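After this come two complexes, each holding subunit A, first together with subunit B and then together with subunit C.
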Partner chain A sequence: MMRYLERRLVHSVLLLVGVSLSCFLLTGLAPGSFFDEMKLNPQISPGTVAALRSEYGLDQPLPWRYGRWMKSVLRGEWGYSFAYNSPVKNLLVVRACNTLLLTSLAMIVAWLLAVPLGVWIANRSGRWQDRVSMAGTSLLFAVPELVLALGLLYLVVRTHVLPAGGMTSAEFERLGLWAKIRDLAAHLVVPTTVLVLGSLPILIRHVRGSMIEVLQAPFVQAARAHGIGRTRLLFRYALPAAANPLISLFGLSVAGLLSGSLLVEVITGWPGLGPLLLEASMSRDFYLVTGVVMASTFFMVIGSLLADVMLVVVDPRVWTD
Partner chain B sequence: MGIEPAVQRAVKPALVKAGRLCKRYVQRAPFSRKKFIVDALVDVDFEIVPGCVTAVVGESGSGKSTLAACLVMLEKPDAGEIWFEGREISRLGHRELAQLRSKIQLVFQDSAGALNPRFSAAEIISEPLMIQRQDSGNQLRTRACELMEEVGLCADWADRHPLEFSGGQRQRLAIARAIALNPSFLILDESLSGLDLSTQAQILNLLLDLQASRGLTYLLISHDLGLVGQFADFVAVMHQGRIVEHGPRQQVLGNPQHEHTRNLLGSVQTLASNFYAAQAGSR
Partner chain C sequence: MQRKRKLVSAVIFLCSLHLAILLAGFVAPTDPTAQNRDFPFAPPTRIHFVDAQGHFHLRPFVYESASSPDGLYQYHDLHEHEYPVHLFVRGSEYKFAGLLTCQVHLFGVDAPAQIFLAGTDTYGRDQFSRILYGGQMSVAAGVLATGISLLLGLVVGCIAGYYGSWIDESVMRLAELFLVLPWLYLLLAVRTFLPLHITPAATFFLLIAVIGTIGWARPARLIRGVVLSARSRKYVAASRGFGASDFHILRRHVLPHTYGLLLTQAVLLAPQYIIAEVTLSFFGLGAGEPMPSWGSLLANLQHYNVMVSYWWMFAPALALVLVSFGYLAVANVFHEQLQSGSI
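Right after this comes the complex of A and B.
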């Protein structure tokens, strides 16, 4: 087990280095820099711009900049943002926490809904309930998150039941603890619902698919022939046996925690990594973009690592190597 | 097999009786009105003599496994009756059925798929006991070990997982699980196919021993006529969901009346004729 973990960890670090290299290369290839717009400003002299460029090392070759960035990563700064004039890490931590709050809540709700629903549909496989749910999930899957989010926002704006956008109300600081929590929860409803609706069809279909496969397995038939009850059969026998692909999928959804909600955050005004990445890209805030991409990659790697370890723990058969 | 099967048949009432059993599978392709209808069982009449081995033969898709699934109550027949020990069982309620299930057990063909890969050998064998709430705790484990010994497996292997056993050992495990509830009727759905010949012979001997010690009645579903000729007392031949011929083994295999039986025998003629030549010598 330890050797397996070690090997996986080494792979993960190599992967992160590879991603940072290609991220540097690609952003280096992109035209323009943060200071290009300053050149258009008649009040800033070309000399000042050039001085700024050399201060941030933008006039140096790419490998040199990568080396400098690596040093700052090792110092725990993760580069320096031009626009915010602060180390990238400080910006990332706040935004990543906001994103994590939203996405983990959405993920938990989605899985809590998807597992019982998927199992129930698999149990009804071939009947009208199955057909209706499959048509429903296909439809939901076909609707882009963008449309879902806009539709929900429209409803919210028309009915005034919930705040439409942002993370907190203007008077948040003056509220008591309990009121603060309620305010936050009200702001969470719309983005969480969009994310849940967006991921639910895939999850339900996966749960249903692997359950149906297991329900046809002879050992489940054998348990039925022994007179097992339906609920016990579904949740105690079939679900654990159907869990392997679901655990991998769970790992993927952990991996998508930081990156899956970018668009929804932008639309619903959630101050997470999404709007930050958008701003950073628009203003060519080079190190900030790299920082956000690295944070997402980091979660991706952790997520798949987690899934693989869970698979080994849950299923003795994965052990064979 | 001691007593002459034909005599037993005359003396004892049938253990299992099926009357005009029908089962039809309808499949519909998505976005199409076209239906694919498979008549898996058509008016199947059938009797199984207690303490004997009845074999059902036929090519794939002839309805053999559907018959097994109906008898073990995994599938509900569309029409017809199934009598077991003098009771009509095809329309029983959930609870009565659950009790009855311990009497009729099934051994599958694919032993790897038939055993829950996450359970240890002891858990697999005690699974039916637990489901039927017959034993609990330490008793379960003891019982599982006894059953392992009974089917010729070492009780020290109780904590191994199914994939750590060989194919023959897995089939023994499946048999141990099937007899755990003391059934009177065991359905062997191609349970001996997919094993090499020496293993097959060993499992066959085990089944015969169990039949002798526990007074079991077997329904053997097979396409292996050599095996059927060796093991069965009665033979039923299925073709397209119907039983086209049914009777004592010598009669059906030695003097087939129905054309389909003759075709089936013809396809393995060399094998069968060799076998009968050998058997004629031994009797």
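Right after this comes the complex of A and C.
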């Protein structure tokens, strides 16, 4: 078992290195840089721009820059942002925590809804409840997250029941602890709902699919013949048997959730990695872009490692590999 | 039989949407860049059947609209004269299907009345026309990117599946890397490293190339699987025994196995790529003004007052949902067919 996890860990590290290398290769291909806009400014002399470029090492060859970046990663700085004039790490940590809060909450809510719903639909397979929910998930699946986010925001803005954007209210600092939590929760509702609605159709369909497969297995028939109750049969006997592909799906769905979260963050003004990446992308702040992409890859890697560990815990067959 | 009927209706729905977008110049009543500075943020024109005297008209008509004195962007109808909606009217010049210069539009009303089916934007440009033309950008980008993605996937998947050994191993590792990364982060990162200020046409092709290239991994993996199973067939061995070249075997005996997969993948990928284009241009990283795209049309909603006051600015979202629903309906039928094993 440890060997298996060890191998996965090595894979993950290689993946991170691969992503950072590709980012640097792309910067090598990129025409122009952050300082190009400065060249247009008559108040800044070409000498100043050249000095800045050499200070950040932009006039050096790519391998040298990669080496320098690696060193700064090992120092825990993750490169240096041109636009913010500060180490990337200082910018990343806060934003990454916000994104983590949003995505993990959305993930928990989505799975808590999807598993019982999927199991219930699988239990009703072939009847009208099944058909109605399948039609519902197809409809929901056809609505892109962009549209979901805009639509929900419209509702909120029109009804004024919830704050429409950002992460905290203006007077957040002056609130007590309990009021702070309530304020944050109110701001979380809209982005979380969009993410949950966006990922729910796929999750429900997968839960239903793997449950239907298991419910046809002989051991379920045998359990039913023993007179085991319906609920106990579904959740205690069938669900663990169907859990295997779902855990793999959990690992895979992290990437989709992060992408959705980027979009939702930009639209609802949630101060996460998304708006940071968009800003950095517009101003061609290479190290910041690389940092954000690395952070998102890191989350994804953590997600799939978590899925691997869960797989080992749930399914002893994986050990013997 | 029922499945066939479902497929036919879904395909007809999808094709009519695409046809309307392809023939945007004909279906749209006005030029998408024509500005009516007197009618900024005009609501969708009401189409009437019953006039002020209570008479019923078989042909629908509209009233001329004028801005009200009691507020900015407020309009009221002038009830003196009815302007019937005519089919096949002469209007502004456009290129029919991009080739023939033409003046006939599907519908329209006589001046001075105007017909805005989906209202107007800040400059008084007809939203309905802009949605149709914007569809040309978004849908074409999605479909072309799908083509690129499938072509890349086909080539890579064939090579990996057919030659196997270390080529297969390394290609599939790379594919895994592309599959697990959050696509939007990847897309934005790649877009960063490409020039920002270029002509709209160049941006368009750049977007297609980026979206299509990033998505190569999924089709490549699936095609590799099909090629792998096709390679071990007995007739391939026989063909090789007769001295057929690798290229011949791939083309004659292996490729036909991938057609079904290519079709289903195309139907699944196209809406995703359309959404990708819409997302990028929503962020302002796509082709810019004056050429509309569904993303840049939706970007108007980022202004608080536009979102609150002018609900018709959501119309592009409806178009996007309709197209993505059409693709999904076709994909669903394919999926059912695959499950019942009769393709």
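In this section, the second predicted complex is superposed on the first by the 313 of 321 C-alpha atoms of A that agree within 3 Å, B and C clash if a C-alpha of one lies under 4 Å from a C-alpha of the other, contacts with A are read in each partner's own complex, and residues count from 1 in each chain.
Just so we're on the same page, a residue touches a chain if its C-beta (ideal position, glycine included) is under 8 Å from a C-beta of that chain, and two chains touch if they have at least 3 such contacts.
The structure displayed is predicted, hence computed values, not measured ones.
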- Task: Once the structures are superposed on A, label A:V309 by its partner contacts, choosing first (subunit B), second (subunit C), both or neither.
- Result: neither
- Query: In this superposed model, does subunit C or subunit B come into contact with more residues of subunit A?
  - Reply: C
- Query: Does the superposition put A:F219 against subunit B (first), subunit C (second), both, or neither?
  - Reply: first
- Task: Could you look at A:I202 and tell me whether it touches subunit B, subunit C, both or neither (first, second, both, neither)?
- Result: neither
- Message: Quick check on the superposed pair: does A:G18 touch subunit B, subunit C, both, or neither? Answer first, second, both or neither.
- Response: second
- Who does A:L58 touch here: subunit B (first), subunit C (second), both, or neither? neither
- For A:T297, is the partner it touches subunit B (first), subunit C (second), both, or none of the two (neither)? second
- Item | Partner chain(s) touched by A:A241 [first = subunit B, second = subunit C, both, neither] | first
- Message: Going by the contact rule set out above, which residues of subunit B touch subunit A in the complex?
- Response: 72-74, 97-99, 101-102, 104-106, 108, 110, 113-118, 127-128, 131-132, 161, 163, 174, 177, 181
- Over in the complex, which subunit A residues touch subunit B? Could you list them? 217-219, 221-228, 237, 240-241, 315-317
- Okay, in this complex, where on subunit C does subunit A touch? 177, 180-186, 188-196, 271, 275, 278-279, 282-285, 298, 301-302, 304, 307-308, 311, 314, 317, 320-321, 324-325, 328-329, 332
- What does subunit A use to touch subunit C in their complex? 15, 18-19, 23, 26-27, 29-32, 138-139, 141-144, 146-147, 150-151, 153-154, 157-158, 252, 255-256, 258-260, 262-263, 266-267, 277-278, 280-282, 284, 286, 289-290, 292-293, 296-297, 300, 304
